[in-house]
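In what comes next, chain A is part of two complexes: it sits with chain B in the first one and with chain C in the second one.
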Partner chain A sequence: MHKMRSLFAVPYALWLLLFVFAPVVLILGYSFMDINGHFTLANYQAFFSSSNYLLLTLNSFWYALLITASTLLLGYPAAYFLTRLKHRDFWLLLVILPTWISLLLKAYAFIGIFGIHGGVNQFLNLFGIPAKQILFTNFSFVFVSAYIELPFMIMPIYNSLVEIDQSLVFASYDLGANKRQTFTKVIWPLSLSGVNSGIQAIFIPSLSLFMLTRLIGGNRVITLGTAIEEHFLITQNWGMGATIGVVLIIVMLLVMSLTRERKGDGSR
Partner chain B sequence: MKKLRALLLGIVLIIAVLGAGIWQLQRKSGMSGAKTVNIYNWGDYLDPALIKKFEKETGYKVNYDTFDSNEAMYTKIKQGGTAYDIAVPSDYMTQKMIKDHLVKKISHAKLKGLDNIGSAYLNLPFDPHNRYSVPYFWGTLGIIYNDKYYQESDVDHWAKLWDPKFAHQIMFIDGAREYLGVGLSTFGYSLNTTEHAKLLQATAKLKQLGPNIKAIAADEIKMYMADEEGRVAVEYSGEASEMMAENSHLHYVIPNEGTNVWFDNIVIPKSVQNKKGAYAFINFMLRPDNAAQNTRYIGYSTPNKRALKMLPSSVRNDRAFYPSKAQLRKMEVYEDLGAQKLQEYNDLYLELKMKR
Partner chain C sequence: MKQPLIEFKNITKTYDNDVNVLEDLSFDIEEGKFYTLLGPSGCGKTTILKMVAGFLQPTSGDILFNGRKINDVPANQREINTVFQDYALFPNMNVFDNIAFGLKIKKVPAKEIAQKVTQALKLVQLPGFEKRGISEMSGGQKQRVALARAIVNEPKVLLLDEPLSALDHKLRLDMQYDLRELQRNLGITFIFVTHDQEEALAMSDEIIILNDGQIVQSGSPVDIYDEPINHYVADFIGASNIVPATMIKDELVEFAGKQFECVDGGMRPNEAVEVVLRPEDLELTTYEHGKLQVQVDAQLFRGVHYEIDCFDKEGNEWIVHSTKKSVPGQWIGLDFSPDNIHVMRLNESEEDFDARLESYEE
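Presenting the complex of A and B:
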């Protein structure tokens, strides 16, 4: 029986080895190579001594934070009200529906909406407000990214909210807590696990968004993703690209471990 | 559980039906593996009607794969694991691929119609005597403007882009060589400059261009300009002609300081599986009627002089797309500057992009 069980594990082990560990090891290996394939530490030195790269890192963090914060701000109340609705499944479907559409298509749709002659500006024109430049601004970049990521924030929060035993909420009221206290002392702590996975699901990919930075941001917002793309595709300096990748991976691990710690506190 | 099983069963069923359909279709048209020609080309860079015509004439099946940058194409072919019979690199990339032994020699004995190509487009420095490549299209980098907002005299020099009237208006093609090239041109330096001091000088100058740049983008510029989201753009001539076909207010100008002239070439990559098919395709594209049809569809400038004769005189005599000899003399082809210099260009470019 035990043998059988370890046999079942083989595909998963292979999968992890081939598609998780091997690429990470490859990236790590490349990050110690210069253009000619010789061992070097120069890539890391270049990264940490260049104000450009540090500024890029700061930029990436700042925008990832903005995107995560806005999705949380919009997503939590949305998830909360979803749990209160009559036809939950239907509304949930509406939330998930946009994720079925290609990211590229959604980005192009926003180009149409935000353009000088687009829907938003035409609407503003009705009230005599002259056309504004909305595309290629930091605002439009954060807005579109947040829109695209929003379902990934709502889903986990919704799931954790649904799991909360309603009798706990009633107990809280019975014991004299008001609405606000019930929320901060009972509902919020119990939904923290959902918030954590939402943050992880959004913050990490947001660090390396690069297609949206070009399409919606007009390369006004530059993140680490842009730099990685450039190093792998244009300058062919895979070492430097991999170094940025390694830095990103380390950052992701940090974020994961930070959010995990909080989860421990929540279930205490 | 029952629902789930039904859903999964449904998905499997759809896959099976579609798969069988495709298999049936492929069998019907009598296509087998040995009779395919794998073409690796830029997106939307070959009239689909010509692919059909080629398939009908020769019986080969065409697999058309696309890339969006020379470098992406280079990386994919260098990595191996591909079976492309035809690729279409630009000039400097052709040079680099020859240097790195990624392309096969082309036997001129097997070519039909190389003499259709104008002599000005043969024997260029990136591939002397065309041992490895056959010209496909050529063009320039220039400025597109919308005549509702500006006129030709506003953009006839690169240096005029710095004018405050363009504040937050210019769309720029996303490329380090192109961006720094504009800076270098304003000083009269070569587009292939490698001196660090000159590059820094160009960068300093370009920093002042920052406030005038609306966006740095790629293919999307076409759409933005046609929709009048942008009023002026620095773009390639071919892209410009597509925009102009959609919006008659757009015009293309080659600035007086001179500019980059580029050549895209058909090569046979190392990965070739079907050499006969590759030659058949090259010869097919060299035929004047096909080259003319392709030119009408793509809108780039054709190096095929016989094809050019078949195009309307309004196209042939358009100095923006078929510039005079005097204009051509001021233009430069990008050379492969080597990895180190390319890195330097891109580092400076990244800095310019970031601190706008």
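Presenting the complex of A and C:
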């Protein structure tokens, strides 16, 4: 019986070994190698002493923060109202639907919409506003990223809101709380797990977006993701690329530990 | 007469599907008493409770609180608190914060809050539980915290929505004593909703029995148990022998093919009625000595008594509670006194019933 069970675990163990453990070890290894394959600490030294890299890191953080904050600001109320609708399964489906479309396709669609002859500019022209450069700006990068990530914020928040027992809301009113107090003291704290999952699902990938920075941001926005891509594909400095990768992994772990669910005594 | 604390005046409640959950309902709740709304699920008792709490508005009619109309006063502005069926404790807070919730909303000073919470926990016999998390407690303990969270606000009325239904039998009995004692000590008006007639009889000052959104009978537990108004109440309030009968004249009733002396009256001669005989009022005796002759069909041992299932010659079923044993298949006699026979008219309203009782009971 016990043997059988271990046998079933083999594919998963292999998978983890090949696609999770091995790549991480490889990245770690490469980060300690120079361009000729010799052991060195120069990559880390370069990363932490160069104002360019630190600025890049800060830049990535800033945009990831902007994207996450805007999805949270838009996503939380959206999720909240979704839970109150009559046919909420249908509306939720409409929220999920765009995630079934290829990311690349959506990015190209926005090139059409935001382009100098695109829909937005044509609309502005109707009111006599001259065509503006919208594509390849920081704004369009944040906007499109937020649009694409939005469902991943709405869904976990929606799930955590739906799970809140309606009688808790009644209990709060019963004990004298008004709508605002009920929200801040009961609904918001109980939906925090969803908010945390949403932040994790968006902030971390946003740190390393590189396709959107190119297609929508026009390479004006350079993030850690873009830098990694450049090092691996263009400058062929794998060691440096791997070093940035390691830094990203550490940052991700930090974010995860900051937003992880605190199970404990139930007190705040 | 004293001003009732809560008055329901001709309350009708209709939901979206046009079904009247409550129909033209009127009753008064007096201060400081323990009321029980008793009825099967779907009788409208929870709807009444939600209206008192302020979670539902009546479709028509008025709810008065101390003589003032409160139809449109929201739940958070009523001096009424609820103990919910599933406790509804906030899982993100510990016991202290749960109980302090209402006081913090009212901006009571922190020192006073701490003092009141400690006192409330003592009242529900959970001293020292302040720091406990909600998930670390048993059902009975959660129940007590929910109770403490409600009474700490010193409401005028405490609503209890089937609070004991999730507890096991022994705990439920303990809580019945505790609730009754708490109500006496605090002097708060309790409105307790249940479908369990034992709970209702054990704890209440007043029982209001509901069926299909209407009040069938209201009164003290003893009144309702001894003088059920009709078949529905008699059946609901406990195992009873209810058989069809004919009222020959005042104080003489015929059932099971025989005529018996009784103490009821005020009916038409030869009116078709029903009689109730409580299982514990029937006594086993020999075939010759019995007023009624029945054959034992089956017997169950219930601990404090035997429950004996018998049939008379006309096929009426008789259930007897007796400490004496009997033998299935045997013909035996049943003995009872005239005042054990309770006669019920068919389709009599509560007003007519009360008036008739008064007419021959002086």
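One rule holds for everything that comes next: the second predicted complex is superposed on the first by the 252 of 268 C-alpha atoms of A that agree within 3 Å, B and C clash if a C-alpha of one lies under 4 Å from a C-alpha of the other, contacts with A are read in each partner's own complex, and residues count from 1 in each chain.
Operating definition for what follows: a residue touches a chain if its C-beta (ideal position, glycine included) is under 8 Å from a C-beta of that chain, and two chains touch if they have at least 3 such contacts.
None of these values were measured; they are calculated from a predicted model.
Legend: residue contacts after superposition of the two complexes on their common chain; A:35 is shown touching chain B, with no touch to chain C. Judged by the touch definition given at the top, the superposed model places A:230 against chain B, while chain C stays out of reach.
Of the two partner chains, chain C is the only one touched by A:165; chain B is not. Judged by the touch definition given at the top, the superposed model places A:173 against chain C, while chain B stays out of reach. By the touch criterion defined above, A:220 reaches chain B but does not reach chain C.
Put simply, chain B touches chain A in their complex at residues 69, 71-72, 74-75, 168, 171, 174, 176, 214-218, 220, 223-224, 227-229, 339-340, 342-343, 346-347, 350-351, 353-354, 356. Within the complex formed with chain C, the residues of chain A that make contact are 165, 167-168, 170-178, 181, 185-186, 189-190, 264-268. Touching chain A in their complex are the following residues of chain C: 53-55, 74-77, 80-82, 84-86, 88-94, 97, 101-102, 105-106, 131, 133-136, 149, 153. Chain A makes touch with chain B in their complex at residues 35, 52, 55-56, 59, 111, 115-117, 133, 135-136, 214-215, 218-220, 222, 226-227, 230, 232-237.
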